[in-house]
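The structure is given below, and queries will be raised subsequently.
Chain naming follows the written order as A, B, C and D, and within any one chain the residues start at number 1.
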Amino acid sequence: MSLLEVQDLRVTLRQHSTSTRLLRDVSLSMEYGKVLGLVGESGAGKSMVAKAILDLLPKKAVIDKGEIKFNQNSLLRLSVAERRKLLGKDIALIPQDPMVSLNPVRTIGTHLSEGLTHHLGITKAEARKQSIALLDEVLIRDPERVIDAFSHELSGGMRQRVLIAMAFSCSPKLIIADEPTTALDVTVQKRVLSLIRMMQRKQNTSLLFITHDLGVVAKICDQVAIMYEGRVLENTTAKQLFHSPGHDYTRALIDAMPRFDQPDKPILPVSRKLKEQLQAETREVDQATYND
Amino acid sequence: MTDPLVSANRLSVSYRIPKTLPWEEQQYFEVLKEVNFEILPGQRLGIVGESGSGKTTLGRAMLRLVKLSSGQLLFDGENISTLKQSALRPMRQRMQMIFQDPQSSLNPRRRIANIVTQPLIAFGKLPDRSALRETASTLLERVGLNPDLIDRFPHELSGGQRQRVGIARAIALEPKLLVADEIVSGLDVSSQAQIILLLESLSRDMDLTLVFISHDLSVVRKLCDSVIVLHQGRIAERNSTDGLFRFARHPYTRELIRAIPLPEIDDNWLDQNNDTQSKGGLAMQIKNATVLVTGANRGIGRAYIDELVKRGAKKVYATARTPSEIKTSHANVETHPLDITDRDAVYQLASKLSDVDLIINNAGVNMMSALVASDGLDAARAEMEVNYLGTLSMCQAFAPVLKENGGGAILNMLSILSRVNLPLMGSLCASKAAGLSLVQGVRAELAAQNTAVVAVMPGAVDTDMSKDFPPPKMAPADVVSAALDGLEEGLEEIYPGEMASGLNQGLSADPKAVEKELAGYLPG
Amino acid sequence: MSLKQFLQRLLLALPTLFGVSLVVFFLMRVVPGDPIAMMTPPGATEADVAQLRALYGLDKPIITQYVIWLGALFQGDLGTSISLRQDVFSLILERMPATLELAFLSTMIAIALCLILSLAGAYFRDRIIPRAVDAIASTAQAVPDFLWGLIFILLLGVAWPLFPISGRINPRLDHDLVSQFYLFESLIKLDFSLALELLRHLLLPAIALALPMTGIVTRLLKVSLEETWKQDYITMARARGFSRWYILRKEALRNALIPTVTLGGVQLTFLLGGTVLIEKLFSYPGIGNMAIGAVIQRDLPLIQGLILTFAVMFIVINLLIDLSYSWLNPRMRHG
Amino acid sequence: MADATAHYPSPWRDAGLVTGSLIVISFFAIAILAHWISPHDPLEQDLISNLLPPFWVDQHDPAFLLGTDSLGRDLLSRVIHGARIALTVAVLAAGFAAVLGTVMGLIAGFYGGWIDSFISRLVDIWMSFPAVLLSIVLVAVLGTGLHSVVIAIGIIDWTRFCRVIRAETKVQREQDYVAAGRALGLTGPAIILKEILPNLLPVLMTLFCLEMGIAVVVEAILSFVGLSLSSDAPTWGGLIEEGRQYVHEAWWVMLIPMLCILTLVIALNACGEGIRRVYDPVMHK
């Protein structure tokens, strides 16, 4: 039984007279307590999947078809208010850029406790106490001071810790991490990844981890889905992916990575032929589903 | 030796921090702090650092695009640190830059043709305007772009295309020096690979000196032949790319390298606490190292061979006076005869094994001889000959080899007896003490060439040399393992085992008490 | 704002004040045109002119004149009005409350309109309301206060005479107000019929003054709210299940106000400066109306005094804006 | 790289810009052709037929399409000639303010340092005066006449340009394309003129349109207080002032010039906004 089930999700951006497919019948399935990596280059549609789950799709993007089932319930059939009750409580987000994801005019404490009072209905004083405990849990030194600080007083790594604390604060069942370490320095990235996995294991949360970095995938993910132009090309286990990638595109991505431990390994850009082939496939898919 | 193209001497850049009140003292923020480096013609230098390390400022300072606050900067032999912008202008043909953000570095109101030919026009190298389109097309082709793009505006191109336009503009004047600032950081891995390959071929074809600024060590490793690691405005480490990655010395560099997530499944990677810092000395990774071990035929030496192979050393040269005694079946272990007291032989071997980057001076003798109580100097002489002079020969002969290979390390097997004395073995102790002194001296002498010099001082070890010692005795494998751990961690003095570390602590607390206690410790 | 930053702002105001005094003083003297000629009534004799010169110290070197003038200024002595033959300082003090009441009411109207319009424009996602807000704001902004005044006079004073179009209070009305702050005093005394009468006079000029500021600030605030809405921390808040209205109020508004406040300050000074003409248009007895009279009467000391008064008010407004800016933006508070 | 295929919207598609510029162009045409199209001499008095109403009111005289003022002068002709004065002032004053303000703004924004502090302080001082009062005083000091009006408006309103151009220049200066220009050895003035200024043109054009509108209004205000040109010159402001006196008897004397100003100002605003919408990549970001 799986926690999250995305079935044949098709999203189209309708702008003026043109319409662009953003997601082409995407299917994913996430098990309880597992980490699913969603991998692709920019424009592959990986963030769009997250937005569809979080009800953050742009106004002009329409879900044409498909289903998102969370805990056996269809998210798309819920009312706006019902969905808001889930967001932040059962489904939480760790955003991409910690530098801009905290409101500059509100204190760290406000950020943390407003979620707690809103979703758990506890008092402000209690929420503050819990917030301090949460900051302590994500290994922030001196949480009593940090709780009254503003985001600009914290470093990037600290901010991401705060955001992780926010995400885990209501013990959600699913966390969507949208490139959570892309904006961070590599040493900070490692610490933040460690923290995310520690918290994930502690609370047995399912984690949808969106990234473009196969290196990060290798370190944190159990399952991987490779995306290209709004399609899922390959859906496999992480072990399988690095052992013997199933799709040519996956192999091409691995081949394009420079590796510091293998200086003599040639780096090969994804070949034009492969890209053309993939694009042709996309066109085929679009034509086949044109009348759906 | 060729003259450097760029050479910086105590280069500093600082910014004024705006004062709130006029009578306050002016505060400065130092972005670069007395940086020294040289770039040879044709070199591909990577500058690596995290955000805020000053790497972008360093790149811009090299081209005098920011004001230098002090220090000297030579370009092509000419001092440009204080030249006026107008005087710099003609030199700018020889130094160009590619910027991090192609969106902001291309003027949004100009067409691509105008952007790429702008340098040529600025220097009057395109007197005939009718040739503009043709020249622009040629430049675009050189960077692998479709020449049809010349009439487009920058915002009509993709990120990778824009970055190529930036490259085309930078190479239009055929500069000698090209500074590329984080130019692949915003790109997908596929475009990134294309840009790296393009830079590689351009720098080869055009005889460019390339300064490649990046936070990504993997890319730098691929593209550059030498690296500067910047940390908080200072150069933490400079080495050949190979040298840096094989024995990263600065704790910061090591942390950087350890933090790179390789595309390999490794469940433990995230659990490795990357807060364990080095103990301040130079460190070296055994993986992929080429190691020479002396005295490899017995006890500890043998253990070294096994442990080195286990830890992924690329090659191990096992030496002994009688190499036939070395028993090993590993393919990457090579045996050589060596008597370290034979200075010529040592030098001969050094000229042969030019790829060594770790020397483990393990060979030693113990004549079990007292000082005053023994007659004659033979025992003492023999011990000094091997334990001190032989080791010194090794250091002398191999120091240049290590330097050539980027620094490397020398690990000398001493004993806790280097620090304390045992009755009836005074002669050995004296030679071991000389060995410790040797380590300290050599370390000081080789600091400039980035060579780690480490002393390993175990207590009693269970080998045939110390068969007369009472237990407890350490297994050789444990000693070796502790020694290599210490080396990888950056320790300068390693005390494997409880006995050694206990004595070391005792010595720093109360040396007299240790002396008293040891007076009763008698072998045999 | 830390005390240090407040000190800094005060210090920055000093050279501005000094510059203002220089401009006020020399503008009248250095540019072509003789101030005495400006002052003298037609048909004055040479001797009269010379006497007047000596009286105002205009026969001394210009630097000396400036120093004397500045010295008097520091003692609160702005000279004597030529046309009204009264102390300039007390004249200004007497007329100032009328202008302050007008400006205050106008500012309140502007702020209220701005908040309502921009929040409505940002909250509703349909096609009609945001567009209507845009249209209202651009029109309010495009038409200057002078024209708004004329339109109101024509429409609400002449075509449908709902409001009086001149003065501050019906001159035939008996009242026992002791201060010059008529409206405030009547409100404090709970005399609502009088307050209403005063408001009827105030409303048209106040709205005319408020509209351009409302237009420009509403537009900026709405754009700013929309920009803020795209920020990642708003996306975060949405992903945490808060409602649109809650996020708009708690997360977006204060951030959106930060860029708006600076512009609002500039607009506030424009509003205050606009009183000059609006008071003239509605024959409202404030310092603005007095200023135009002074120029037409060529009353040099009064003109100087009034310009200085405006300048000081502007500088105070800017200081207040700086203070509110740092209150809004925690980044400023900690230096 | 938000949108690799973004294009500037076509100026012809922007309804505001098209309508606005059509109106402004027709005002210019009327102003230029004033001599030929006005039915009467704007100064010709006819005291018998004074305060005649316009054509849509009863008792109008078909010879005076928009009626007459208190001295019996033809309102239509006066308004047409008024357009000429208004637009002359608008173009000259806005041009003066634009040149002064842009030069100061570019210098302050690009070079920074003491020169920036100096110019900023100057702007602060300027902004500490109520603009309308200052222009009235200036004209009073300079004497009435076209040149004093132009100078008064220009000298006061350069700060509008200076502030915006300075801020925009500061933004542009931090862009890498300026650093790229420096890396090519371009001198400061060359970078300002060739790299930065072209990027500021849309902003400048917008400001210029808005400033023309402001100048039209300020000129009307000056005429209204009797300080613009000679008192019988057919200015819109003068007409309004006159109309204000007879507003209860002959509201049209005030209404007609007012509508002219209103239309022109709104049209100029529409042009300015349109230019900003269509051409300004700085704002598009």
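Criterion: a residue touches a chain if its C-beta (ideal position, glycine included) is under 8 Å from a C-beta of that chain, and two chains touch if they have at least 3 such contacts.
All values derive from a computational prediction rather than experimental measurement.
Student: Could you see whether B-D or B-C has the larger number of C-beta contact pairs?
Tutor: It is B-D, judged by the count of C-beta pairs in contact.
Student: Among the chains, which is located farthest from subunit D on the basis of C-alpha centroids?
Tutor: Ranked by distance of C-alpha centres from subunit D, the top chain is B.
Student: Please compute the C-alpha centroid of subunit B, do the same for subunit C, then give the distance between them in whole Å.
Tutor: Centre-to-centre distance between subunit B and subunit C: 67 Å.
Student: What is the distance, in whole Å, between the centres of subunit A and subunit D, each centre taken as the mean of its C-alpha atoms?
Tutor: Taking the mean C-alpha position of each chain, the two centres sit 53 Å apart.
Student: Could you give the separation in Å between the centres of subunit A and subunit B, each centre being the mean of its C-alpha atoms?
Tutor: Chain centroid spacing, subunit A to subunit B, equals 37 Å.
Student: Among the residues of subunit C, pick out those that touch two or more other chains and give their numbers.
Tutor: none
Student: What's the complete list of touching chain pairs for this entry?
Tutor: Chain-chain contacts present: A-B, A-C, B-C, B-D, C-D.
Student: Help me check something: in the complex, which residues belonging to subunit B touch subunit C?
Tutor: 20-22
Student: Please output the residues of subunit A touching subunit C within their complex, sorted ascending.
Tutor: My answer: residues 54-56, 59, 83-89, 92-93, 95-97, 100-106, 114-115, 118-119, 150, 152-153, 163, 166.
Student: Under the definition above, what is the set of subunit D residues touching subunit B in their complex?
Tutor: Answer in residue numbers: 1, 3-7, 175-177, 179-187, 195, 198-199, 281.
Student: Can you check the complex and tell me which residues of subunit C touch subunit D?
Tutor: 12, 15-16, 19-20, 23, 27-28, 31-33, 38, 138-139, 141-144, 146-147, 150-151, 153-154, 157-159, 266, 269-270, 272-277, 280-281, 288, 291-292, 295-296, 298, 303, 306-307, 310-311, 314-315
Student: Which residues of subunit B touch subunit D once you look at their complex with the stated criterion?
Tutor: Residue list for subunit B touching subunit D: 60, 63, 65, 85-86, 88-90, 92-93, 95-97, 99-101, 103-109, 118-119, 122-123, 155-159, 162, 166, 169.
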